[in-house]
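Next up, some structures in structure tokens.
Each of the next two complexes has chain A plus one other chain: chain B in the first, chain C in the second.
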Partner chain A sequence: MAATDRIIVLPGDTIDPAVIPTPRRNAIRLGPGLRHVQATNSIVPTVAGQLITDHGKGSMWVESSTGHYIPAISDLVIGQITRSQGDYYLVNLSPYTPNATLPHLSFEAATKKTRPQLNPGALVYARVTLANRHMDPELECVSQTTGKGDGLGPLTGGMVFDVSLGMARRLLLSKPREYGGVAVLELLADEGLAFETAVGRNGKVWVGSDKSEANTRMVIAVGRALRETDERGLDVEAQKKLVRRIMKELSR
Partner chain B sequence: MTATTAPEAKLQVLPRADGSAKFSSAGYTVIGSVNGPIEAQRRDEHAYEAHVDVIVRPAAGVGGTRERHLESILQSSLAQLILVKNFPRHLIQIVLQVEETPENDYANAKLVQASLNFPILPALLQTAVLALLSASVPMRATATASFVAVLSQDGTNKVVVDPPPRDIETARSVHVLAFTSHDELLLAESEGDFTVKEWDDVYDTAKRICCQSGGAKTGIEMELDDAGDNGLDMRRFLRSAVETKVEADLHWK
Partner chain C sequence: MPREAEPSLNERQFVLQALRENLRLDGRPFDKYRPVELIFGEQYGVVEVSFGKTKILAKTSAELTVPYVDRPLDGIFTIATELSPMTAPSFEVNRPTETEVLLSRLLEKTVRRSGALDTESLCLVAGQKCWSVRVDVHVLSHDGDLTDAACLAVVAALRHFRKPDTSIEGGLLTVYTPAEREPVPLSWLHSPFCVTWSFYGDQGEMALLDATLSEEHVRVGSCTISMNRHGEICQIAKLGGTPVDAVALLQCTNVALVKVKDFSAFLDRKLAEDAKRRDKGGLMAELSAENDR
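For the complex of A and B:
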């Protein structure tokens, strides 16, 4: 998208009715950063960011990349187990927020006898199933319809790195390189590094690998590369340079 | 330092806070940080809305009664802007650290402890709004603030925007007004002797600074605005500061 046709909105701005999509069949879908004011029957932004409209799907939202994580339904998140209470694990999603709950039995193929035993500090990759302003969020590590884990569940080994919410969102796009401008993971994998990643919408990236000294070095290098890409706002060319530098340092 | 320096702002200056901003105007520099929505302490918890906590820290020494008073004014204004009902039982913490003031804060600061520190109020409010925008805290609208004094010169009264500290001491009355981006009056604090007519003049001046139509203007209108008054347009300033930040954040888009 060219810089000229960007619409940057501030809270309380009036949105030009011409840009609001008018889907023929379904109702319009509002994403994060927008609210519908019933009194004036208008759509008003609540955060500062770029207004994105999708006329095909009849949806619109405000793209912003900073702030504290606010849970939303069907977000994929990385949480840390605080403790177990009754039939639930209490999971921390972001600092200084109330714990989310994760039922003991919402893991793949879990029964009362064969459920994963997670200790405080363990990491889980989970989906948000309940996000309501009056209640603490609820999580699951299994798909309700298929009963499969689909990659969700406890994360063993590896390390978690904090990134901005915008970076997490870019990494979660279907093609991070084309749509999000993040090529650093692909480039590192092309150099022959073997690692896994899991990205949480709450601004956390888990990088995992088999346990050995060389792999620990690699995991830290991958995590630092991601953070550097995020903090310094590197474009794809700069990311290539960064990867070359990291490979040189790792081979030492 | 001249009192009529153009306002400057930078967003996301602190790496650990959810949102932060540095704002300087009329000789004042304030750094603000915002964290939230986070878990509120039991005693601050409200069942239906978020608790907005404002902390003002002076440039020198620890905060006293004056700071508590500023905090209470800012708290009630900002709670109007933030969509507090969206985050029941949560806390939105705003810390405002004064970095620089036109007067020397180390000398005789405590003598005027009882009175409200008017000229700093717009800078504090503006910093808080910028930091809230930087933290993507859902808000109803943005706000802009201005400081206006009525000076008596050669027997006539003159409405002056952001006067130097010496003029503030001799001013007949001083006023702080803030407006939301919907042109509603958000905050009005006044001190001194003034007539209704004077207050109306002050209101009009402040409204002109705070509520120009901002980014929606075409080139020729902008030039006309700059020619009149002193060209100060807080709303356009706020928008351009935020736009710069958003564009830098979304460089990949």
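For the complex of A and C:
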């Protein structure tokens, strides 16, 4: 992510044309928090936050700190199955919001007979494919182009921890330590803990590990490390200290 | 009405598995409360209590009214509990949920029916004038164990509250403003506290204190014990759920007594701190028109 200087925008601000990327081949891509106004042919922010521009990909968007998750296309999310209806599962992305739909057949290698049977309350790791305003979002657990799951699909075992949306975004960056300042998972893995995680953009982190003794303790420790980093806003140095403390507690 | 958000299957299984291994998600032992915080407001009778992420605001107020016809010698004392949509969208105004009904019922039984507040002292002129004391309980955030937190908040708010001083001379009732006479505390007889146990396992063999919301979702039963620091039990409520072994329940009451003593000492300390903070220049003793009993 080629972030330039920090530009903070408010809804309705005019954006300096110098910072707008000008891709040579295709049109510029607008992410969440920006809108193209056709009457004046200008780009206007709709939320307050930090304007991020990526000249390489020709895209720009606004990062804002909100408490409520609003689905956006190609976000990775962790959803909870509410029920099955017709050819779809109804999936809850955050409490007290309308359900998203997940077709029965959009799982890896799913046919009418082999599709996964998910009970209400089961968790899935999915990608958002449709996110229009005033419409229920749609999800998929398989890549439309390759037909592979790419790690998406039902999540079995493990535990989900709630984190802030900002923390989830930082964890999902390509290099969380360098760009997001989150090194806690990396540090825990360096200490020899074997666990797997799935980060949902809707503020949920799933932590799992193989079925063996002492893994419950470890999953709890990972979850506590994540939440403490998030709630107390720890920097990398403080995260190192936290990890050392947690490892000491675990070895006891 | 939106339904309450339920935890996923993975969360349910994990919490139970962790409990079987003697672990809680926040790393507490089974019989330990979350850090308890208590902040008194600027006004008398306003208190904010938090148990971890559970947060309760209680406000006491008093007004002059006419006593009930059938109880001419008693003042009026009410506790109003409110779970607003701010707590969670599943709570609606004017449509009490089961949680809300049970909470207000337990507070009523613990504080009002145990005679913690001497209602006779609220009566000013028999059958004509009395104080009506009202405590409003607002749940600001719900992360489990509302009963214990709300009970602590109510007791703290009532003990912190001061009502305007009054006098009767020749049948004439005078109510003094705080500028004329220092307001007086309520006539308080004993301080009951609630301790809630949550039970887990097929026979309810695991007992947890101060369960968080995710732990409350997977429990098989719960039991609220109210008592004061002298060990006098005001009420025990075990509303349905899996039957629990009598000896285990006895053990629970013993631990509850220890916790109640902790609460009592904690509240006394906080009240003393607040009194010291308000007593600027040490003039409070001279301002007070109250007699030492």
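Quick notes
To be clear about the criterion, the second predicted complex is superposed on the first by the 242 of 252 C-alpha atoms of A that agree within 3 Å, B and C clash if a C-alpha of one lies under 4 Å from a C-alpha of the other, contacts with A are read in each partner's own complex, and residues count from 1 in each chain.
By definition in this document, a contact is a pair of C-beta atoms (placed from the backbone, for glycine too) under 8 Å apart; a residue touches a chain by one contact, two chains touch by 3 or more.
In this text, all values refer to a predicted model and were calculated from it rather than measured experimentally.
Legend: residue contacts after superposition of the two complexes on their common chain; A:Arg170 is shown touching chain B, with no touch to chain C. Touch criterion met: A:Gly180 reaches chain B, while chain C stays clear of it.
In the superposed model, A:Thr156 makes contact with chain C only, not with chain B.
Using the contact criterion defined above for the overlaid structures, shared-chain residue A:Ser84 touches neither chain B nor chain C, since it reaches no partner. In the superposed model, A:Ser64 makes contact with chain B only, not with chain C.
Contact with chain C, but none with chain B, is seen for A:Gly223 once the two complexes are overlaid on the shared chain.
Set side by side, chain B and chain C differ in how many residues of chain A they touch, and the one touching more is B. By the touch criterion defined above, A:Asn119 lies against chain C but remains apart from chain B after alignment on the C-alpha atoms of chain A. By the touch criterion defined above, A:Thr53 reaches neither chain B nor chain C. Looking at the shared chain after the overlay, A:Leu10 reaches chain B, while chain C stays out of its contact range. Counting contacts by the rule stated earlier, residues 95-96 of chain A appear in both its interface with chain B and its interface with chain C. Residue ranges on chain A touching chain B, taken from their complex, read 1, 3, 6, 8, 10-13, 33, 35, 46-50, 63-68, 70, 95-98, 133-134, 166, 170, 180-182, 231, 233, 235.
Across the complex, chain C meets chain A through its residues 2, 5-14, 17-18, 21, 23, 25-27, 88-90.
Every residue of chain A that touches chain C in the complex is listed here, in rising order: 80, 92, 95-96, 119, 121-123, 155-160, 206, 216-217, 219-220, 223-224, 249. Put simply, chain B touches chain A in their complex at residues 12, 15, 18-19, 35-39, 81, 83, 86-89, 133-142, 180-182, 238-239, 242-243, 245-253.
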